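Sharing a structure, written as structure tokens. Questions coming.
The chains carry the letters A, B and C, assigned in the order they are written, with residues numbered from 1 in each.
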Amino acid sequence: MNWLIAILQTALFVALAPFLAGFMKFCKCRLQNRRAPSLLQPYRDLLKLTRKQPVISEDASWLFCTTPYIVFTAMVLAASVVPFIAVDLPTSAEADVIVLVGFFAFARFFLALAGLDIGTAFGGMGSSREMTISSLAEPAMLMAVFTLTMTASTTNLSGAIEHVLNEGVVLRPSFVFALFALMLVAVAETGRIPVDNPTTHLELTMIHEAMILEYSGRHLALIEWASQLKFMLYGVLISNIFFPWGIAESFGLSALGYGLLVIAGKLILLCVVLAIAETAVAKMRLFRVQEYLGFAYLLGLLGMLSHIILESTR
Amino acid sequence: MNIESQDFYTQAILSMSALVGLTSFLMLGQGRLLRLIFVFAVQGLLLTLTTSMVAFSLDNPHLYISAVLTFALKVVFIPWMLQKQVLAMNMHRDVEALKNNTAVMLGGASLMVFSYYVLQPIIHTSSMIMLNALAVSLSVVLLGLLLMISHRQAVAHVVGFMSIENGLFFAAIVATNGMPMVVELGVAFDVLVAAVLFGIFFLHIRTSIDSLDVDMMNKLNEVDR
Amino acid sequence: MIAVYLLLLLSAAGILFFGLIGHKEDIGKLNTRINAVSLFITIWLAITVFNQGTILSSGKAFLIDSFNVYLIVLTAFVGFTTSLFSAPYMAHEKEIGKLSDSRLKLYYSMYQGFMLAMYLVLTTNNMGIMWVSMEGATLATVLLVSLYRTPESIEAAWKYFILCGVGIAQALFGTILLYYAASQIGDSENALLWTVLHEHATQLNPDILEIAFVFLLIGYGTKIGLVPLHNWLPDAHSEGPTPMSAVLSGLLLNDALYAVVRNKMLVDGATQSHIAGYLMMGFGLVSFLVAALFLHRQKDIKRLFSYSSIEHMGLMTFAFGIGGPLATFAALLHMTVHSLVKSAIFVTVGYASQLAGTQKISGIRGLIKTQPKVGWGLLIGTVAIAGFPPFGVFTSEFLVLLATMREYPWLTPLLLLGIGIAFAGLFRHIQPIVYGEKPEGQSPIKANFIPVIVHLGLALWLGLAIPGFLSDWFSQATLLISGSAL
């Protein structure tokens, strides 16, 4: 029964990811006084791409063809680990937050390889940039995550969320820092403004897009979907770790339904905030990214410090 | 004494102190003057909130006066004055290239640890909230110093100077629920006069070296050459 | 007690009054008169304290005891004699077009503002107000340092402002810690009153007070000019108008030291250890030696003597740090004679630089030929400050050495070395200034020598024989500070 719910939840997660991306686009369009495409547009795009035959470069090896599947699988697995509607699922007992970070790293590793594989200039450039950013973002993310796990004294996501839930409303300075740090990292990792711009194909600025420039057809669809999943994963992580209230703690129908509503509300709020931020901020130069991520790391560090200094037992 | 076992008021004060610390860090890494001033105003606002919170929980009317004074001085007057100066000097587009920004940031983090270390002996004399508030305010003071060292613009120096003052004020409010009224009024008066004097100084510096870059003030040396 | 209120009101009125009409002819004389009245009030106050003992005002806001009353008289005295000097000096500056009317207004107004701040620092019973007025003294003088609006003077004033402001902020942190420690033993409304603190000193938490004292020493130490926080001092002294240098050196530094000593008394009571004393000794000794070395490398005459001020403040801090009746007595005496001699020197230096039209040591030559009074004044002043008998500085330095020999004999060679270096540093510069070839076209100026003669005369008197009432006075203060009689 529990496994069934876990699988259903994962399926829902995967299915809703493009919708969230569509909603994000919608918010941005409205803020910029443009007419927004339909909320279902990402689904249509994915559908269109899957129908098309992929064009594969003559120089591509098997790595290039398998990467989309690997990346997508990794993201789906990651989605199954993160408590979405209900907490305390069997899947999340299997893997903890470090495995989650591992999934992200795994997917990124293969994407970068694939970018290099075909031997075009853009692919190599994109891969190198992506790796630069992630090498800086990952420590920051781990720092923020460690702050959380130190508080909950577990690295298990479900356990941590339950810990936060059980304590009721506690204002934790360390969480404030960790939240900011994680948000900054999320922006960098999902390739959004101000680090990367997902809608541009300008060669000087693109990072993620450069890596996947050679993909087409169903391969591209999978990769797009995977990145939408990643975006949603970060959103769910942030909202459920720091504001877990409303998440279903039992598996009754009403609790699950309520949980779904609440998480939808949280994600919508987060999207609106992000859209406003993206509209207000200009993309920064690539060389400024390290400062930005350095700042995220600093925040993570401060979170850790204030956990030890301000909150711990003595 | 875990944070969960504290009352909501304590938690709120602790969060405020964390945020005040954060604003100090934000200022430290800020190369744009207008944003620097904005963050400074935010810090002032946080102080005002903290003060009103303490005033509310203790039901202490004189702290409300301090809160109003803080708001008027540090959220409205000083930022307004600095902003006017920056706009008048047409410096709002300049981005100051900060040397060794990362090193400065890490230095800031270690200063925070250091200030905790310095105040460690007080630990057994006080409740947790006092100690942490003192540690954070000391680190705000030290970060203000670091800000003054790492920036070259006179405006940034003034912001650093005033944020040191903010740190002291925070210590006074949280650790001792404010100083006696006379002292607080006196300090506020000093800050006001200092702010006005800084305004006059900007004018003088500008007319004398045609810039507000304090690195260009290098005529006087320890040993005459 | 009325005397205190009168004193403060007079200075406060002076600020407003000069702010309005400070540019009129002969306004310097009015300034002198105000300061003369202040001096009389303080003497009256001193006599009252001498007869009645410690006075505490009704609201406990002001406290006059044997320690601060003598500093109050000294402040009023130096303020008065410097105003005697400043009247013709400023008139001369206006004549040669260096100053406009509005700057003169500012000057006289802030002169009184500075005096007000100094009186407040000394008379207040509240450690918080002491801080506020100490900061007020900075604020009052900062615009005077940049009075000439040259790039150098603006730089000096900026340095002065920033360094002293930041430094003194540390003292506020120390004061907050003090308040925190005091509010733990109850009665938080009066917890910053010195009388209350002193009474309960043994109950205060020693750990907190130790930390507080470090901050207080750094904070007020910036104002004293302790190395390595002394950077502002030579700049501010050299770039401001000379009367300002005289009062800064003669008064501000003393009062900052006064604040430190007051705090030390509390800390000693709480910790029952000598930790505060060791800190002061360390800072003092370093300042003394470093400043003595720097004397050799100066090219500006006012900077030269401001380094000498740092040196002497270091010595006093050291002496107060040793503690004990003998060293404390010596430090109090040294405070007095240093103020007298140093302001006399700055007055003569002011005339000398007006005469030569420059402050560069290499430009001032042959004073004794041009205007013997200036030459002799400078020479005698330097002899006095370098610690030659029979001047008072010799007596006090000798007592400090004696105390050191008794308590920490291994530090005596260092002190002797410092005195020697400082002596050499001063005389290698002063000798050619006084005896060198007279440059072409250098002519005497109109000068008022009463302050110089009076100050040096007093220093001589203190060196030959300390009058009975004064030594009683010092003994009382010593008893108060060190806890035991001489």
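In this text, a residue touches a chain if its C-beta (ideal position, glycine included) is under 8 Å from a C-beta of that chain, and two chains touch if they have at least 3 such contacts.
Nothing here was measured: the structure is a model prediction, and the numbers come from that model.
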| item | value |
| --- | --- |
| Set of chains adjacent to chain A and to chain B | none |
| Centroid comparison with chain B (C-alpha atoms), farthest chain | A |
| Where chain A and chain B are represented by their mean Cα positions, the distance between them in whole Å | 36 |
| For chain A paired with chain C, centre-to-centre distance based on mean C-alpha positions, whole Å | 65 |
| Approximate Å spacing (C-alpha centroids) for the pair chain B, chain C | 31 |
| Residues on chain A engaged by chain B in the complex (per definition of touch) | 167, 169-174, 176-177, 180, 291, 294-295, 298-299, 301-302, 305-306, 309-314 |
| Of all residues in chain B, those that touch chain A in their complex | 1-4, 8, 11-12, 14-15, 17-19, 21-22, 25, 29, 101-102, 105-106, 109, 112-113, 116, 123, 132, 135 |
| Contact set on chain B toward chain C in their complex | 118-119, 121-122, 125-126, 130, 134, 137-138, 141, 144-145, 148, 154, 157, 161, 164-165, 168, 171-172, 175-177, 179-180, 182-183, 186-187, 189-190, 193-194, 197-198, 200-201, 204-205, 207-209, 214, 217-220, 222-224 |
| Touching residues on chain C, where the partner in the complex is chain B | 126, 128-129, 131-133, 135-136, 139, 142-143, 146, 149-152, 154-159, 161-162, 165-166, 169-170, 172-173, 176-177, 179-180, 183-184, 188-189, 191-192, 205, 207-208, 210-211, 231, 234-235, 238-239, 294, 297-300, 303 |
